[in-house]
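Sharing a structure, written as structure tokens. Questions coming.
Labels run A, B, C and D following the written order; every chain starts at residue 1.
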Amino acid sequence: MQLGMIGLGRMGANIVRRIVRDGHTAVGYSRHEEQIKEFTEELGDGFSGATDYKSFVAQLETPRIVWVMIPAGATGAVIDEVAELLEPGDIIIDGGNSRYHEDVKRAKALAPKGIHYLDIGTSGGVWGLERGYCLMVGGEKETVAHIEPLLRSIAPGVDAAERTPGRTGEPSPSEQGYLHCGPAGAGHFVKMVHNGIEYGAMAAYAEGMNILAKANIGKHLDDEHSAEVTPLENPEYYQYDIDVPEVTEVWRRGSVVASWLLDLTAAALHADPELSSFGGRVSDSGEGRWTIHAAIDEGVPAPVLSAALYQRFSSRGEALYADKVLSAMRKAFGGHNELPGK
Amino acid sequence: MQLGMIGLGRMGANIVRRIVRDGHTAVGYSRHEEQIKEFTEELGDGFSGATDYKSFVAQLETPRIVWVMIPAGATGAVIDEVAELLEPGDIIIDGGNSRYHEDVKRAKALAPKGIHYLDIGTSGGVWGLERGYCLMVGGEKETVAHIEPLLRSIAPGVDAAERTPGRTGEPSPSEQGYLHCGPAGAGHFVKMVHNGIEYGAMAAYAEGMNILAKANIGKHLDDEHSAEVTPLENPEYYQYDIDVPEVTEVWRRGSVVASWLLDLTAAALHADPELSSFGGRVSDSGEGRWTIHAAIDEGVPAPVLSAALYQRFSSRGEALYADKVLSAMRKAFGGHNELPGK
Amino acid sequence: MQLGMIGLGRMGANIVRRIVRDGHTAVGYSRHEEQIKEFTEELGDGFSGATDYKSFVAQLETPRIVWVMIPAGATGAVIDEVAELLEPGDIIIDGGNSRYHEDVKRAKALAPKGIHYLDIGTSGGVWGLERGYCLMVGGEKETVAHIEPLLRSIAPGVDAAERTPGRTGEPSPSEQGYLHCGPAGAGHFVKMVHNGIEYGAMAAYAEGMNILAKANIGKHLDDEHSAEVTPLENPEYYQYDIDVPEVTEVWRRGSVVASWLLDLTAAALHADPELSSFGGRVSDSGEGRWTIHAAIDEGVPAPVLSAALYQRFSSRGEALYADKVLSAMRKAFGGHNELPGK
Amino acid sequence: MQLGMIGLGRMGANIVRRIVRDGHTAVGYSRHEEQIKEFTEELGDGFSGATDYKSFVAQLETPRIVWVMIPAGATGAVIDEVAELLEPGDIIIDGGNSRYHEDVKRAKALAPKGIHYLDIGTSGGVWGLERGYCLMVGGEKETVAHIEPLLRSIAPGVDAAERTPGRTGEPSPSEQGYLHCGPAGAGHFVKMVHNGIEYGAMAAYAEGMNILAKANIGKHLDDEHSAEVTPLENPEYYQYDIDVPEVTEVWRRGSVVASWLLDLTAAALHADPELSSFGGRVSDSGEGRWTIHAAIDEGVPAPVLSAALYQRFSSRGEALYADKVLSAMRKAFGGHNELPGK
């Protein structure tokens, strides 16, 4: 099968590598002639490239399959431009991190032209080439079915994990690492929630590790902060100098919290035990926020996922005004003068 | 009636002033001769003082009433020392901010000596002289009844608020501003929860005001933070330059969130509209923490009160290690490099 | 001055009463002839009514002032219909609980017709007639200035609270209980955040009161729940039978958490000490949700306000699926069989 | 090496099986003659048993190693009783779920008798026999070193996971699945935090799955709840019937949230897609609570771990009183009558 890929950044490139490796062919679009050249050298016959959309589209067999893998902010404009060059029956895929609302609108806009639209939430990050990508797909059933040979090559495959007890026979798509989640937007919806969960799970580890890291607070009772808090009642219970990197390593085997995230965390802490290369400002991309928007629209309680998101906001100083208000109140009713700083 | 007061700091002093003003008399203990002199001048016949416990105790009529109003950390030792000088039937009151656990232990320790013990959670802060103190009392019924004349003078009195619809006749003690909450520790328990609620309510205002303060974020889309977050989807809805001090003022009349805390906040913001005298580090005293300990022991969900407490921890940088862990994880699976700083 | 009021429900009716009481006049629209008759009898010359929009508009002096005070869901259609009958220079006010997004759109849609639009967030609930309404106004400066005589009659007035220290001279609008918050939508934006804070403050009280109510858990150790939780380590600290209604009463005077909400809570608990008339399902209207949407869009941490909202979702059983997932996990890794029920 | 095991429940039994399988021998204590017989048959020469402590102790070679693996509530009394029969140099291990405070006290109490004490937090649940147990050990270095041959047999071993990049040479103990975390109590401290993290991660999945499960709410707008909430603004975005069991399966391969918990969840949902065997009441054992107590003592923000714990409380109806208070407030200021039920 043949795939057209717009965007040869890390993820787009690795998707192309995985399908070519499996015997499919790819046509890549990049604005950078150099990049096309490199890919052609690397992938040989399986790959051809273009630096303008016309030539790109011309190299694709019909029905064309065009996968757009670029930053979410730019995706809409590119799809609009390329769609102008496509014909009824062609397929456009947004494999990036668009909000699923966009998919609902785009599918509707493209339908009258006979162009099929799929949204594919793609998880795997920098590890996808080796590990395969987890693919969450939204769109019409037939269109998804049509591109399944490609999905199978991009996804990890059933051997990437032990089979779930009770699942036998021919592995289902979900067991191979891709899933048709529903109509337009369903793929990005499921990917969005995936990331929301990711935020929550990350925060669970991070909070726990912080508790471990401060388990020796009973040894440091007269430090600078003492004026700000009540004295610790039971310092004898906080005398532990826990080796947090070692703890993350031991939890990787046999514990309930073993996970791929923990594997990565153990590796990161082994390489930088003091986490000295990080400053503590944590970014957030759209998915974590959209997950909470969805929870609220649905009336579903999401206290853990929200707390995880807010901690990221807070890490960037976004609580500062609120904190000053608290200090002002404390001074007003109690005469407390907060220590300066921050 | 006569009250012995150990500790003539702001709260102890104002309690003495309120009772003397009402015709009671007071004996004050202070290590500082100067302070005793000042009080004697200010209060005249109603007051006498001592700089050692023996003389303090000797000036008290039996059954003696000794109110200890000093920092929680020092209270235990002082009570132990004074109790040695007291006689069966005398009364010791801890009016400070001890954890109620201490009251349970102290009442038990003093009982064999025939000394009665009361714990009185005292709210009112720097405004108590003028506004009266809200008194939450724990201990034996008879002992509480015995000191009621003093409680009535210290508490705000029924006129401090409109009577609750349905309450008629002789005002109850609770309407006068003091309440016998239960046996030893009950006073400090109720005061502890009072402060827990205070944290939560303060945080509710502070978060809301932060949302108001950032309502113009749609005007500042290309600022420094842009690399850390997904672009705002609807900047047209965030174009408001809200005058937060004015908003707190307007809410004081007719709104659902009118409160004494809001009165103070409006005053603080009127005096310092930019809150420029505050650095954003918010202290926490024991009560907020103990409230959560109690909620967890009881199995009662307290997500709001906990979130309020954690925000204070966070304001002091206590999430930093956790934040670095998050950044390390993000780099490990997504190749994201967080911006330095904080 | 003359006000046209569409919607004579509790709030619309009481606004009309307040302005007529102050010497203004009102034209009321209601579909119910009967209601118009009653109002005419009650208010005399100050009031006239109509049961169709044409007659309603015809009775208004130009520039007409039309206040729409109906459920948010119906407001848009009514405004569209009435706007057809208005002339350039007329003013439409949405005093209901619309999301501020609607205001931004409506103001833009009405501008070409020369119709001025104001959004007025109106707080005061069932108490507004007596207590006055807190008014948060969005729109053009001149339009707001034009209707100020009406706002002054509807708002509580400066005497409704003690003046904030430092504020002297002629009371500002905010001190009288109304505030021009900014352009279209700003009024509903501030009202939205007001309600968000209200959710948070309510939850703070409710959680604290729950902790008080369960302070006797140490007396009931062998009850039905014992199989579900670890035994209480220190039952001696949970032996208090706290009279929660009395506690809310005592906090009304002199405490830091005194507030109008607490006044109401004390009254409700005095009338129904066991809260037996309530089943525990708590509704939420739009504002609490929109506040969180705004916080997330702005990147502002709002853990307290969110937790308060989620608790309402949870009270209606919306966490059930998540809870079942937790039970399934616990069984899978630990062999735990949860008790049935709920 | 020889191990004495008190408590032949699932975990104790499987630990015995793992060491005997590796060539060690075990002496088991059980009150049930029958159980001893069964084990002797199953394990042959490697096992001998006793139904009284004297005989149990008599069968152990010195220095004796006594592992106590019984419910936390009973552990203290058993250790006291057995310690009476032991000699200087013997070792007692608490492998159960005691709070680490107990370990600090016990180690101190046993030291004068020359008895060494270890606390071993043991994770692995029902899967330990097959998967091995993750062991978090607290106590003196020499004592831990002495029993390492046993720990190696009980732990999963290095092959249970891919080695962390950067780790080479002889696998460290942490890589084999056991870790000496620090002095007495450190093992249970780390295990406690492990469980705290487990709560948070579980809740992250559960909340996310709840959001998926309700993604079709736009199809059900006029159901029973409609009176309790504001209408959904954008029903077109909530039209997805997500197959949650299939989503958990697809996430197992290539996604960021792949984990052992997810493996189990996928299996549980495959077996019972509607989760119909669960009622929604979620138990909590001590560790989740103790984790929060520790976080608060340390002043470390733990909003995610706390929210996870509170959701369990809430699932058991423990928010009911607070919810009623909210309803009472809503009625008092807004005249809202909540729907009955719950």
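As a working rule, a residue touches a chain if its C-beta (ideal position, glycine included) is under 8 Å from a C-beta of that chain, and two chains touch if they have at least 3 such contacts.
Only a predicted model underlies this, so the values are computations on that prediction, with no experimental measurement involved.
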Remotest chain, chain D as reference, centres from CA atoms: C
Chain pair, A-B or A-D, that carries the greater number of C-beta contacts: A-D
Centre distance in Å when chain A and chain D are each reduced to the mean of their C-alpha atoms: 29
Averaged-CA centre spacing for the pair chain D and chain B, given as whole angstrom: 38
Chain centre separation in whole Å, for chain B relative to chain A (CA means): 44
Interface hub residues of chain D, defined as touching at least two other chains: 125, 203, 205, 207, 210, 214, 225, 229, 233, 256, 260-261, 267, 284, 289, 297, 299-303, 307, 310-311, 314, 316, 318-319, 322, 333
Arrangement of touching chains [line / ring / star / complete / other]: complete
Chain D residues within the chain A interface of the complex: 100-101, 104, 123-125, 128, 131-136, 155-158, 160-162, 164-167, 172-179, 181-183, 185-186, 189-190, 193-201, 203-205, 207-208, 210-212, 214-215, 217, 225, 229, 232-234, 236-243, 246-247, 249-263, 266-267, 270-271, 291, 294-295, 297-305, 307-308, 310-311
Complex contacts: residues of chain D adjacent to chain C: 10, 72-73, 99, 125-127, 202-203, 205-207, 209-210, 213-214, 225, 227-231, 233, 260-261, 264-265, 267-269, 272, 275, 278-286, 289, 303, 307, 311-312, 314-336, 338-342
Complex contact set, residues of chain D against chain B: 256, 284, 289, 292-293, 296-297, 299-303, 306-307, 309-311, 313-314, 316, 318-319, 322, 333
